[in-house]
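One structure is given below, represented as structure tokens, and several questions about it will come after.
A, B, C and D are the chain letters, set down in written order, and residue numbers restart from 1 in every chain.
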Amino acid sequence: MGNKEKPIQNIKQFKAGEYPDSRGHFGVYGGRYVGETLMPALLELDEAYNKIVPDPGFQDEFKRLLRNYAGRPTPLFYAKRLSEHVGGAFIYLKREDLVHTGAHKINNTLGQALLARRMGKKKLIAETGAGQHGVATATVAALFGMECRVFMGTEDIQRQSANVQRMKLLGAEVIPVTSGTMTLKDAMNEAMRFWVGAVRDTFYVIGSVAGPHPYPVMVREFQKVIGNETREQILKRTGGLPNMLIACVGGGSNAMGLFLAFMNDPLEMVGVEAAGKGIETGKHAVTLGEGSVGVLHGSKSYVLQDENGQIQEAHSISAGLDYPGVGPEHSLLKDLNRVRYVSIDDEQAMEAFHALCVLEGIIPALESSHAVAYAMLEAKRRPINEIIVVNLSGRGDKDLGIVSAYN
Amino acid sequence: MGNKEKPIQNIKQFKAGEYPDSRGHFGVYGGRYVGETLMPALLELDEAYNKIVPDPGFQDEFKRLLRNYAGRPTPLFYAKRLSEHVGGAFIYLKREDLVHTGAHKINNTLGQALLARRMGKKKLIAETGAGQHGVATATVAALFGMECRVFMGTEDIQRQSANVQRMKLLGAEVIPVTSGTMTLKDAMNEAMRFWVGAVRDTFYVIGSVAGPHPYPVMVREFQKVIGNETREQILKRTGGLPNMLIACVGGGSNAMGLFLAFMNDPLEMVGVEAAGKGIETGKHAVTLGEGSVGVLHGSKSYVLQDENGQIQEAHSISAGLDYPGVGPEHSLLKDLNRVRYVSIDDEQAMEAFHALCVLEGIIPALESSHAVAYAMLEAKRRPINEIIVVNLSGRGDKDLGIVSAYN
Amino acid sequence: MNRIDKTFEDLRQKKEKALVGFLSAGDPNISESLNIITAMCKSGLDILELGVSFSDPTADGPVIQRSSSRALQSGVNLAVVLEMTRKLRMETHIPIILFSYYNPIHSYGVESFYRDAMEAGADGILVVDLPPEESDEMTSCWAGNDFALIRLIAPTTPLDRMAHIAKTASGFLYLVSKTGVTGSDGLDTGDINDKIESLRSVTKLPICVGFGISTVEDVAAIASVADGVVIGSAFERIIEENLDNPDLALILANKVHEFKKATKSQ
Amino acid sequence: MNRIDKTFEDLRQKKEKALVGFLSAGDPNISESLNIITAMCKSGLDILELGVSFSDPTADGPVIQRSSSRALQSGVNLAVVLEMTRKLRMETHIPIILFSYYNPIHSYGVESFYRDAMEAGADGILVVDLPPEESDEMTSCWAGNDFALIRLIAPTTPLDRMAHIAKTASGFLYLVSKTGVTGSDGLDTGDINDKIESLRSVTKLPICVGFGISTVEDVAAIASVADGVVIGSAFERIIEENLDNPDLALILANKVHEFKKATKSQ
């Protein structure tokens, strides 16, 4: 039956910050689709978010932590050998792989944990796929002396065992999730279930621009530093704007983090989803490209679902992209044609992974490798005076096991 | 028989930059103790180093790479919870764990590889213990499109397997060294042997302030950015100098990198060696504290040796400190009483490792954990208005296996 | 008067409370599910909550998660549940409330759903993850008052919000007895009295209490203060423990009988 | 005239070249080592290089590394090597050059070393890792010219440096035939002629060539251009292959004999 809502076509003048509305709607997307037990918590969170986050005291502390703890600003690096190898546009890498814990996720967890502290909550929970968000949450929990539980599918526990050990060392409890596909989607289900029971004293740190309002806008707010820095850096370095921005899209937080600052600029933005073993095999995570509108994990957005509205299993070699949902703002940006969404399969990502290793001495996360792979395709067909900025969302240390197992 | 040369006592006025002399002598230490085959290469290197490195073009490129590629400056982070837990002086951490590849080693390999390139050498070799220097060398080799061979003891290949995989991914050949103790010392032997045979077109990237002149002064030069940044940061943040600097000492490069900028300042400096299973067990790496003057790997310095001048096996849970030699400048600084050298055993290091994990959300390298452990001891006995700066030389991702195996 | 209102009216007159039973439609399979539910409806169940299973039941505990899996495995989807409703409607006159997450309905199409559910004989709908803030998109096509929108009140819901929710609800209010997912063990009746009192101060709708109710004693305790008692996981657990038992329908019918008695005992 | 100068003088008169043999003192054990070396000295060896083993022989290939290990295992140290020298001196009149890395000497003490080595009957020293730039610290206590400082000339050594090195050397110059560690296989004689010629242009000292020489043909080829041929790994390899062979000393003596013939053959 598959309900494909009418997309809003060709809105030329997209205004950054115009979305979401006060109840978290990005056009028809977003919102708050949760059980009543959680609603008061979300309303409380929304209120706290609106009151606390704009406060200069909060902003000061947040910025200080980003700088002194997380290691911001991260560099914008011109990947000369990669660009020359491809033979086309200049490829710049925004080096989120260099922040503390090794992925952009820390920007967000610092923000949410600071907020949690100011709200008086001393217990954090989080879901995690690749383990990066789990590590980033466990990290800020340690930093602030909070209790931390991380929900993680047993399939992901297997393939990201180093991150599991890191979380435990940081003092977090890692709770194995054995339901469903035993990956990120189910970890999030289980985190929400736990939250329902512990909502009074527990802050749920969601790891992407997904989930019910205010998470998508809040996570975007905490990640927008990526794009703010990038814009300033590229203007300073080249005197102009890039021609294209590229980021991988799992839930979509590193992409939104990069894109937001450029939303009103005349440039192309591309979100790269994971095509897994290939779209034709059905084993992929191409939510925006192949999914349809639905409601999952508290918000309306594109989802991978069958004709009865049952959520489908996603597949990707990269645990962080292996998710059948996507942040609601991306659904709007897709419908508005403001961002182009494409996909890269496991093999292409793996090739880009190796290319970046041997050409630039950078071992990227498999998630980020998807963005690099697409950048290589695009750069080749573009003139040499164009500039492509890729968000290198994380480092690949966590993926060494997967890479060596991949034949 | 054990030749203990008379130490130079109590030279009060130590001038930074006064050492080494033009032939690489730090007092009686340092020099060039190598076979004739290598001498011309060392003389060529010395000349190139003196000509190329001070060149503004070189400095510009080096600084640009440190910033845009390695991610410098690294933050100086006030470890509030650790300090409060200890209950004494303020402990600040210089976050070398945040640079690309995860340890200070990259500062040096970038410098040496740039120099190699300007000298027209296209092949790099390196020895490695913890694997960090090997990874850092493989990294710059990839970045500059050079060939790279890394020598590593099979014992270290075992305990630092993730770093072995990283080097391979980066395109380097990892050459297992099965001679002797199969650790860093033997890797360095083997690298020197290989270099003897390939000296005409191969640049040997030594990973610490050890080896024959000009390596100790050159590596110090490339690492001094750590202290330069730290000095500026602490002055800006606190308006004054710290009371104490602490760094772990394997070969001694992260320590020299931190100390140099403060050499003429009125403050204490402490180098922390690895006491392994305890000095009394003989299974340690306390070269300065327990060794005697000798010649190893091309320079004169303190070494762990028996009464016949045979080098002894070092022991430490941290592969990067597991070395029976030490950079010659440290020997001089010890004799001059300018730096105090102490030691921390495996167990103390492991405790500090866990403390930093759960109190600050930072997983330190086991090497760096030695410095943290000593800082905790010192901070406790110092008044709360004092400041201790610890060089957090690297991150602990590489050590997860060792930590989980340690009971 | 619609079936729900009439049921509560009848019970009030008999001085009984409503026994509301939740079952995942199609668990353990479609035909057996029809047998079981029919038997239960005929053994004293006052209101049926017929669960439309969803792949990602984030508000449910392990028992209903497993029950949903079995149901999905047996081929259930919203169309099948509506077909089952149609068949049950021929066997029983008690109100049938569909109980669903929003995505299956959204996927089916809200207008088609309204039309087909009414046509099948369903009396209302409870959508677990569709709070009042979002529910317009489902109800804006509804006409008249014949199809009830059952709403949840949680232990975390403050008074002003209770009033707001009650205003847009119909049929009855479902008061969640615990902060937690379905089936969370143990019941704390102390708190519930206060909650019911608060809720009564803002609504005239009947109040049914559910989540974690599993013993006859629980039922009796809740029945003494609420207008109805909702049982879900306790039934599902019996199904799970008797998957190969040919007497499953009978066992459940007896259980319903037992619980029903406890709703009359004051 | 000291023993080294006299040896080269005698050979020159006989129109022979020097056969220089390197052995790690104490390999495979101290007494067997004495047997072997004595036998070799009596079978035609012109000069003995007696290796003082070091734990970290960075200029040596695998064969001499293993030989050093065996020697260290058998309890060798510099004092023991000096004692062996004393014993060998009673058996042979050929020059004995001690061959060492610097650390054992440094550890022994440079003054004690000079005194004890002279006293034991050694004729000179070659310190692998002590270039002219650093060697003052060892030689500044030396008196007279009776103790030779043998120096290495490498394939990488430029002409002006050759001259400089030659100036501070005595006894003979050891020309390394390969850029590589000891025992590196294969010998490229082409280059060596040029090197010898260059070297002769800056020194009058005899020139012995070593590293990687293992066959009679190699010996003959080198002997035709140099004043001496140094063999090390080739002997050590024989020891290694005959560790349990009671005829080891005899085999090596025969080998010396064979090589020695090749130094006369032009």
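Miscellaneous remarks
Criterion: a contact is a pair of C-beta atoms (placed from the backbone, for glycine too) under 8 Å apart; a residue touches a chain by one contact, two chains touch by 3 or more.
Quick caveat, the model's predicted, so the values are computed rather than measured.
Inter-chain centre distance (subunit B to subunit D, centres taken as mean C-alpha positions): 37 Å. Centres computed as Cα averages put subunit B at a distance of 68 Å from subunit C.
In subunit A, no residue touches two or more other chains. Under the contact definition stated at the top, not a single residue of subunit D touches 2 or more other chains.
A linear topology is adopted by the chain contact network, the touching chains following one after another without closure. Inter-chain contacts occur between A-B, A-C, B-D. Subunit A contributes residues 1-3, 23, 31-41, 179-180, 185-186, 189, 192-193, 196-200, 292-298, 300, 303, 305, 307-311 to its touches with subunit C in the complex. Of all the residues in subunit D, the ones that touch subunit B in their complex are 54-61, 65, 72, 77-79, 101-109, 112, 128-131, 133-134, 151-158, 161, 165, 176, 178-181, 184.
Taken in their complex, subunit A has these residues touching subunit B: 67-69, 71, 74-78, 81, 95, 97-100, 102, 138-143, 145, 162, 165-166, 169-171, 354, 357-363, 397, 400, 403-404.
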